[in-house]
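Presented sequentially are two complexes of chain A, the first with chain B as partner and the second with chain C.
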Partner chain A sequence: MLGILASIIDGVLVGLVYGLAAMGLTLIWGVMDVINLTHGAMIVAGMFALFLLTSVLGLNPYAALLPVLVGGFLVGVALYWISIHRMVGRPPLMSLLSTFAVNLVLIGVGTAVWGTALFNVNVSLPGITMGRYTFPGAHILAAVLAAVIAALLYLFLQHTRLGKSVRAVANNREAAELVGIPTTRVLAISVGLGVALAGLSGVLIATLFPFTVLSGDGYQLKGFVVTVLGGFGNPVGALLGGIALGLLEGAVTPFVPVSWTLVIEFVLFVLVLIAFPAGIFRSRRGAL
Partner chain B sequence: MKRLFLLAAAVAFVATPAFAQDTITIGFTDSQTGPLNVDSLGQQRGYEYWRDEVNAAGGIKVGDKRYKVKFVSYDDQSVGGRVQQLYTRLVTQDKADFLFSPYSSGLTAPATVISEQYGKIMIDSGGAEEKPFETGNKYLFMVITSASHYLSGAVDALKQKDPNAKLALVYSDDPFSKAVLAAAAQQAKAAGLQIVMNESYSPSTTDFGPVVNKIVSSNADAFLGGGHYSDGATLARQMHDQRANMKWMSILVAPSDDKFAELGPAALGVTVPSQWELQVNYKPQFGPTTAQFAKAFQEKFHAKADYHTASGYTVGVVLQHAIEQAGSIDTDKVAAALNAMDITTFFGRIKFATDANHHGLQVAHQMVLAQWQMINGKLGRQVVWPPEAKSADLLYPIPAATQ
Partner chain C sequence: MLLMLRRPFFWIIALAVVAFALAPVVGNDVSMRESLLLDALYITLASNLNLMLGYAGYVNFGSIVFFGLGGYICVWLVNSYNWPLIPSLIVAGLGVSGLALIFGFGILRLRGAFFALATIGVIEAVQAFVENFTPWGGSAGVYLSGEIFKPLGGPAHALWIIYFMMVAVMGLSLYLSFAIKTSKFGLGLLAIGQNEDAAAILGVPTSRYKALVYSVSAFLPAIAGGLYFFKSAFIQPSDAFDLSLSTEALVVGMLGGEGTVTGVAIGAFLYEELRGYLLTSSTFANFQLVVSGALLLLIVLFFPGGLMGFIYSRFPRTQKVLE
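Up next is the complex of A and B:
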């Protein structure tokens, strides 16, 4: 019984990080209907940024969050001008292809530089022990930080002028343009934010697990599931979607063979797509 | 003038095959990209090191002629589908005389279909799964110990240390790991050890948290499993972070790479079945000793030799020896020499099964069990099993996580 409870708590902790990893994906989709396939590569970039900042500069792992936030934002703005700007408003396949192309370039360069060798950042924080089960300190802190970052994003979108502009562009770009919002700049900023969020989640994930250049794919895939659960284009829903996914993984594992977890996950993914095409946690139109 | 040109062209045309005769073309794919890149790179370096050595010595001796070795290789992207296309290309377009295997069981199995179809010898150092050797192939030869013997040493050692050990077998859902653990489960049962958990996981699993909790719930105190690279390392780290406190951990493949030391305290005490380690000391009938190989390899690649490089190198040595024995590069004559082979190199003894049901399977080479231990304050691998080959005592039980 304690084992099941432990698995569920573990699931929620990791789920919050999954949620953060999906948030950038869903933000960009919500604002400009573009599925950013460089998302996985950007998560990996965050992981390697953490590795370099801690091993070369000797920074505390959590102090890496700030430079990654700034760096990720700048990379995102550049990505917007390189591969998204001319695709906004075009058929979705075009932006899929252009971001996929950038993704291939990034993964290719990463493989050439680092190979697919394993990297590890050791974080030792005291954990919490419950009977024979231990929740590592790094997991708890990563979950808390993911929730804090999500809350800050929510406050930004709801209560700042720029955040309101982002929401306005998401709702109706032409109308936003008419009332004087510089929509192109807002789009670029949104991609910047989306990529920065991917980088931040990469940093947090890399404090939990060893990683390789190819680790991003798994989280990008999970990001899609979380996005569907949480509602397309709804960053706060993504956090709830992440928790739901983590909870599911934690709750299912004790009862079925481990190899079934992914099968169950994707069956659920399809069921949700059929039953709630706009996502479970999407309460109203234009939730962004 | 025109006539002279034609004459020159004709001479060139006639001369080309004579040049081609003096090289042996060997084809293979390697995984320059994709998840198998690390292990594949080791194997590829082994191949290349052998080629450079042979060519520097003047080539392979066939009768009174010497053949230089030429490689043709492609990136298979760690994808099985690419392997069949590329091996077909290697045989039909690149006219490879002999083939080496790609890395991993999953990629080798599709390649064997092509090598056999075109009647080419393929020497395998990267795929340990037995299945392709049970389908009546005539030109396929494996230099490494096959999957069903990977964990026999671990089971023997565990039985000696704790006959009442409770085992959790948790492994990747791929052909190699499944074959290894299915055999280990039988060996453990035969040794009277109790198996309390026996499950596979998807190779794309990112978080093993719930799996580790399940292992703890099963009351296991010994762990056997893993798969290839990142999954094995992630498992080791999460077992440590979540203080699963296993007395025994055997993980496939991942701990045989030096990068495993990056895990720090999570690596301590982890054992890995290994085809070859720097400490093994066979007396080679020809070729370098372990010490010579390790030193020369380090100088050339600025990296430590591991078992993938050693097995890759051995593939070359075995082919060379067979060609020299056969005195010919004719496929059937070389295959006959391989069938008759019984040699010892620095990698160990090599002999192939010749009965139709297991033809080409390795029957003489022995694996060792290596364990990550503290050596002069630094993490390193020591050979701990079998006792006659050990370089250090087995650390059992693994000291409990102290953080």
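Up next is the complex of A and C:
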């Protein structure tokens, strides 16, 4: 009984971080119907930012969140102007290809600089022990921070003027333009936020697991699954989708080799898309 | 079919194939043969990807799966069952096409970007399968013995035969692209690429066509994969499912002009020659991905029509001859 409870708690802890990793992807997807294929690379950028900030400047790992937030936002705005601005409203093929191209450049530079060696950042925090099971402190803190960031994003989208503009643009770009919302600026800000979220999740993931230049791909793929589970652009949905994924992984790992988990997740992705085209946890129309 | 004989483009393809086949023979130039073999491979991969990308407007990030699986099936039949090369290639082509049809029916309900994402899932699934499948050597791969070249008259002779077969596969790819483009099926695909809802309302069986073109675009790349890995006498998952080859096929398609037959072929030829140059110069060898990425970004942003788009707008008359 305790074992089941422990694996559920573990699934929720990992799932909250998956949810955060997907949040930036689903925000951009929901607002402008662009699938940001640089998302994985941006998560990795967050990981390496943490690595550099802690090893070179000797910063506390959690103090790295703020510079990564600001840096990620600026990178995201630049990304918008470089690869997305000309693609908004064009066939999805084009934005897929343009963000994919930027991803190639980023991954190419990353592998040329760091190779594909394994990096890690040591975080030692006291864990919580429950009978035979110990939950590492870094896991708990990462999950709590992921939930806090999601809550802040939710409050921003629901209760600030800018957040409401983002939702308006997501709902209907032309109508938003008509009522005087500067849509281009809102789109650039949304991409900035999406990339900043990717960077933050990269920081939190790097405190938990070792990483390479290529580890972003796996989280990006999980991001697609979380997005279809949780609906587009909805932070709460993303967290719920992430938790569902974390629980699923916990449930299947005793029975299948690790390399199959992504395959199972993708089968789920296809099945969910066919059965619930709008996402399972989506509460209402235009939920963003 | 006979009507195609009256189109000048039919003869242009024939001329290109003959030129490919004869060029290295004339001077008995082995290094030229190796470089042209890669050109023929790129043209095959890009032309078949173009059936999805250029005609139906669907991105397939996993086109390399066909190439790798074809290679595995062919190498496995030759190695474990001592099959001759040609039947192994045919079984590889048909097998991969059949699998693609099954996968295609699984993901055919998905539209636009979702289909593209599902193709990423196909790569993951196939790679996970191959790495855990012991008859195919798992992640260590399969080595072929030197004996396999005996029926083809020894290694030196076999390499020439493989080259001619690869050129033939390239020719078939070009004719396939041409034949589909001039058929009702091709018209349906182009309609899907323009507006899928409108196409469906006008009676195009969109789901079936998408699954069918996914399967058709698997056949020749699988055979090319079989030839390629038979030639290297070695196959392992990281070579067979090398994602950068999938990527390069996309870059090549966009460079030449998606939806055209000539453009994609010329794009593949130019790109492979450029890559050959970049790989030999040591400064660029590490930055191959960066170069393809930057190239793709520039094309998508500023020249979405690619090379043929430029030629068509400059010389409108070429549209009547060059597909």
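Assume the second predicted complex is superposed on the first by the 275 of 288 C-alpha atoms of A that agree within 3 Å, B and C clash if a C-alpha of one lies under 4 Å from a C-alpha of the other, contacts with A are read in each partner's own complex, and residues count from 1 in each chain.
Following the convention adopted for this analysis, a residue touches a chain if its C-beta (ideal position, glycine included) is under 8 Å from a C-beta of that chain, and two chains touch if they have at least 3 such contacts.
Remember, predicted model here, so these are calculated numbers, not experimental data.
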{"item": "Joint occupancy of chain A by chain B and chain C, clash or fit", "value": "clash"}
{"item": "First (chain B), second (chain C), both or neither touched by A:S259", "value": "both"}
{"item": "First, second, both or neither for A:G108, with chain B first and chain C second", "value": "both"}
{"item": "Contacts of A:L118 with chain B and chain C, given as first, second, both or neither", "value": "first"}
{"item": "Which of chain B and chain C A:S98 touches, first, second, both or neither", "value": "second"}
{"item": "Touching partner for A:I35 - first (chain B), second (chain C), both, neither", "value": "second"}
{"item": "Which superposed partner A:G11 touches (first chain B, second chain C, both, neither)", "value": "first"}
{"item": "Of chain B and chain C, the chain that contacts the larger number of chain A residues", "value": "B"}
{"item": "Which of chain B and chain C A:G89 touches, first, second, both or neither", "value": "neither"}
{"item": "Overlap of chain C and chain B interfaces on chain A (superposed complexes)", "value": "108, 111, 221, 257, 259, 262"}
{"item": "For the chain C and chain A complex, residues of the former touching the latter", "value": "53, 57-59, 61, 106-107, 109-110, 112-114, 116-118, 120-121, 124-125, 128-129, 131-132, 247, 250, 254, 286-297, 300-301, 304"}
{"item": "Touching residues (chain side chain A, partner chain B) in the complex", "value": "3, 6-7, 10-11, 13-14, 108, 111, 115-120, 122, 124, 126-127, 129, 132-136, 138-139, 208-212, 214-215, 217-219, 221-222, 249-250, 253-254, 257-259, 261-262"}
{"item": "Chain A - residues contacting chain C, complex", "value": "35, 82-83, 86-87, 91-94, 96-98, 100-109, 111-112, 221, 224, 228, 257, 259-260, 262-263, 266-267, 269-270, 273-274"}
{"item": "For the chain B and chain A complex, residues of the former touching the latter", "value": "32-38, 41, 170, 173, 199-202, 204-207, 209-211, 213-214, 216-217, 229-230, 233-234, 237-238, 241-243, 254, 257, 259-260, 262-265, 403"}
